[in-house]
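Next, two complexes with subunit A in common: one pairs it with subunit B, the other with subunit C.
So, the complex of A and B:
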């Protein structure tokens, strides 16, 4: 027994070259959209995880009022006192939505090896939190090849009194501090400097001296032990960054205050609700920022906006190509088969029957094309991922591996969109022709 | 042979526009077709034969006048109702057969029945087989149109027109694309169906051999139907 579906399927074989061309446009267009989607999805998640976990931004950050803007100029005034820290930590401990939190401190100064001193930007974290973030499932999932700890062990592996710190690789190289604490015997004495040969001198031990202005105004210095090398992932900061414990930097800045407290949520989907709740609990003396606010994460927000624009533009171009291909093909098919449409109408087919027939034809062609495009896209993604392609976006230290991750929901959404586009193009082409009388479609007579 | 009136045209006029020139195709045509008639419409090229068949087949709209089919005022019907009327009461035979090339003989004949909700699947199959048998193509039922001769294709078209058990079968020059022997066989077949199954045929032709065989001839000249 015949059905419209069977008729539609057989009609696909009537103009194979055109259907092949249209199907190819749809398949390659869809594959292109999948590649773009996969790139954007992975890039956005990479940036999100980098921002939230790797650079310790957290999902929320608590500052004293105006602390975000004014801390750099008046750290003593626009930082959190011990009492304030206690109040905030108490609230966070009691909140079941909070996964973890961390007191943070940062500042700048000079780091020396006994002979040479260089400027640094230091960030103080809590070693156990740093360790937990390095091992976080989100980091493993989205940044499997990223290792910010390039050599040595993390801060959590050393007792607080050691003054353990990590040097960024550029700073390590500039200071000549290429050997780490673990590479020296425990009782190795700190040697007197021989600055005639500064590089050789620097390599004799893992000790550095940090010098900075204390927040109260006087100068302050501490000794530190280089226990590891790390990369910030950003060229701009990769030759001046130091990471230490909060305690070490508090000692350097002669304070018991911290700059901010970062908060990680168990369910980031509740971001705004959690922010509002915490802000309400803390009152007007504090401000709570979301990680994805432009003033807090300008790099993330700017890059994501750029990616979104890229995807929209690429998607628009590919969708237009697909729509025009289908429209052209459907128009040609309907024109070629005008007499046949007239025959159908003469036999009593209603306009909706004809539309149904062509729409089913278009659906079948689109379905097979999208299936091929989907397979093509997935194979291309797997090949790209297997190729271990390292590329170097501007400003990124060490480059990034090109890894594509296809989100199933977005892929299905894109496929559905193309399907609808094809159906609309077909309906437009058919409806235009169906305005004619059956006699006109037949060419004026029952030929 | 004359039965009840199944088609009635009253003062039907139709003009076409060629650029800015209005060309009258039918001028106040009044005509009746009765059940069981085998009627040929005769006229020169451009005389209005095809336009007349288009009006009777409800595939074109007159500028003025009225058309009744089986007592129904066609001009009062919506497009969908007119489609239903064509499907259930009129069979069409086309000059160039108009078979769907990707469908078998069986499937081509089945085509108009697919959209008739009054016919069940089993009845549909029965009607198709019956129509194919009526035109003597049982052995070719699974074949595609391009495996058939011109005469066989027109037989398929006739079977397709008959399958819906129409009130009237319309054919515009059904033998124009066939050689004379085949044309004669097709006309014989139509005559046979008319006498055996009492199917009403209305067709246009130039074939003089046909004129002597038909029960009624309608002459048309310059859009005017004569005696």
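So, the complex of A and C:
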């Protein structure tokens, strides 16, 4: 057996140029597959963490029946009453699988600086939960460079009666509200509007007014204090988003109801089981949705589907190149060495021995090529990560850092797949030639 | 005799007339019956806005409205939880304010106020100022002969982009309005009644008593504005200064 390995190793040196070309194709192909895999793995996890933690979707989300579709049209009717909130929160507190939960409310209106008003989309969260999510280990792991709080402190640092809110950076710029609550003395008065110079006027204090239709139908308005600036990470909302506490938005909409309750699980692998359990406990008057359902997270689902298609297409192209390279190389080698094969056969070697010899040659070549490709891929990933490349995908505010994370399991899987592919291509090339008789092989009649 | 007919025809053409009023004149006249206080020391009245959604009464809000020139101030008197809320009209600029708020909020006349009524519907109507009018023939509304006008907004910050407007031939007041989208599709329809009157410089003019607005696609969604006790009344110009709202 050992002599076959030695023979196979020596045979690899007989046509170095061809084997080098085949090995290079495999090595670069494998490195390419590793880069694609690392990009997709990181992008999917980035999107997962962004969706679940940064935008507060949670792993599960509880709506009143039809609330997801109809809340925007009839918020008073398709929202959760105080009694319903109490019931749901009681169940969640008693469930050991639940990490945390949050009442949420959202709506739109106009935000004014005393001179001009602009449209806003506001989301109301619980400040302590927002703080915990910003510091969540998953966020630190997968989005280490993402800071959605660009300036100021979080909502949790201020008393509820202040009416603290965060403005998205585009909205802050458009309103001229670039100075924050902490940058003014405690007793600074709110200045009267001087709308001849609206930008200068706006910068004199951190006070804004939110105006919206109350859920009962009349107009309503509340004062707010800008305590921080944030980015949504998405261009289309970065100039209109406001984040405030649930209490502030309940006051604006003159209600004690909330739109939904988000739930974060300790172990996200139990997603469907936890959803089914909560849905059974709550009954037919409520809906419990998973975070990765398309209607709830269309951006996540759409992007992940696109990435999967990209990876499949890229993987298919690279695999085909590798397979054809190995097939071509093995066919040429077998053709060149057909008299040698005939000699082995006439000496008493069986077909399986010859097949074994070629397979071992292919295994050695593939193994060294994959090793080189793996090293090349890992070095390329490290270089890319060290380069701090900021790129700007469509719709992403502020751009994204190109960071690649290689999952070991998927890398080993890809390597094994390429190895099998190379072996199959070799077997196919050898089997065709081995069907010939030793006499034909020795005579070289079919070369 | 051979000259008689051409001369008669020429005389008829040259006769100064009993010609129909121009669209601009019709708008000015109909505006007066809907609260425009041009060349007056001021007007005031009370409005009750009742909103019905899907056949069920949703809300009822009462305002006192004061008008001076191009400015108007609508203040909520009922219900108690909204008492003191104000909508100030400075020409085409609107401000919302309520007690306790640190600054007024600049709002759009198009924004929904209550039910089908937009902010711009609550105070006086200034269609002569805000719209270009074209005559679009004659029609009959509830048995009354009317001129039909097509109105197109002169500026973007007015309540509606386009209006189809019917003005009575007998007393030059608006009978009906269709509020249109930019594509020309009606989305709200309003009808008017004139049981009130107002005396200006000794002359009695009809004054709007009810404006009924309904959703063009769902007549069960409707809002009625009832106008009560209209009178000419002097107002100080300072009342309409936005800074005075916070004092």
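The working rule: the second predicted complex is superposed on the first by the 441 of 447 C-alpha atoms of A that agree within 3 Å, B and C clash if a C-alpha of one lies under 4 Å from a C-alpha of the other, contacts with A are read in each partner's own complex, and residues count from 1 in each chain.
Here, contacts are C-beta pairs under 8 Å (C-beta built on N, C-alpha and C of every residue); 3 or more make two chains touch, one makes a residue touch a chain.
From a predicted model like this one, the values you see are computed outputs, not experimental measurements.
Asker: Please tell me, clash or fit, for subunit B and subunit C sharing subunit A in the overlay.
Answerer: fit
Asker: Just to be sure I read the superposition right, which of the two partners does A:437 touch: subunit B = first, subunit C = second, or both, or neither?
Answerer: first
Asker: Does the superposition put A:211 against subunit B (first), subunit C (second), both, or neither?
Answerer: second
Asker: When the shared chain A is used to line up the two structures, what angle, as a multiple of 10 degrees, is there at the CA centre of subunit A toward subunit B and subunit C?
Answerer: One gets 150 degrees for this angle.
Asker: Going by the contact rule set out at the top, does A:65 touch subunit B (first), subunit C (second), both, or neither?
Answerer: It touches nothing on subunit B or subunit C.
Asker: On the A-aligned overlay, A:77 touches which partner chain: subunit B = first, subunit C = second, or both, or neither?
Answerer: In the superposed model, A:77 contacts neither subunit B nor subunit C.
Asker: Any idea whether subunit B or subunit C touches more of subunit A?
Answerer: Touched residues of subunit A are more numerous for B.
Asker: Which of the two partners, first being subunit B and second being subunit C, lies in contact with A:116: first, second, both, or neither?
Answerer: Touch status of A:116: second partner only.
Asker: Please work out whether A:347 is in contact with subunit B alone, subunit C alone, both, or neither, and reply first, second, both or neither.
Answerer: A:347 sits against subunit B, while subunit C stays out of touch.
Asker: Figure out whether A:221 sits in contact with subunit B (first) or subunit C (second), or with both, or with neither.
Answerer: second
Asker: Which value, in Å, gives the least CA distance between subunit B and subunit C in the superposed three-chain arrangement?
Answerer: 82
Asker: So in the complex, the part of subunit C that touches subunit A is made up of which residues?
Answerer: Its residues touching subunit A are 51, 53, 58-59, 61, 82, 85, 96, 98, 100-108, 111-115, 242-243, 246.
Asker: Provide the residue numbers of subunit B that touch subunit A in the complex, in ascending order.
Answerer: That would be residues 50, 53-54, 57, 59-61, 79-80, 83-88, 92-96, 98, 100-103, 107, 110-112, 114-116, 121, 124-125, 160, 164, 170-172 of subunit B.
Asker: Over in the complex, which subunit A residues touch subunit B? Could you list them?
Answerer: 1-4, 7, 10-11, 13-14, 339-340, 342-351, 353, 437-440, 442, 444-447
Asker: If you look only at subunit A, which of its residues touch subunit C in the complex?
Answerer: Contact set of subunit A toward subunit C: 110, 112-117, 190, 192-193, 207, 209, 211, 213, 216-219, 221-223.
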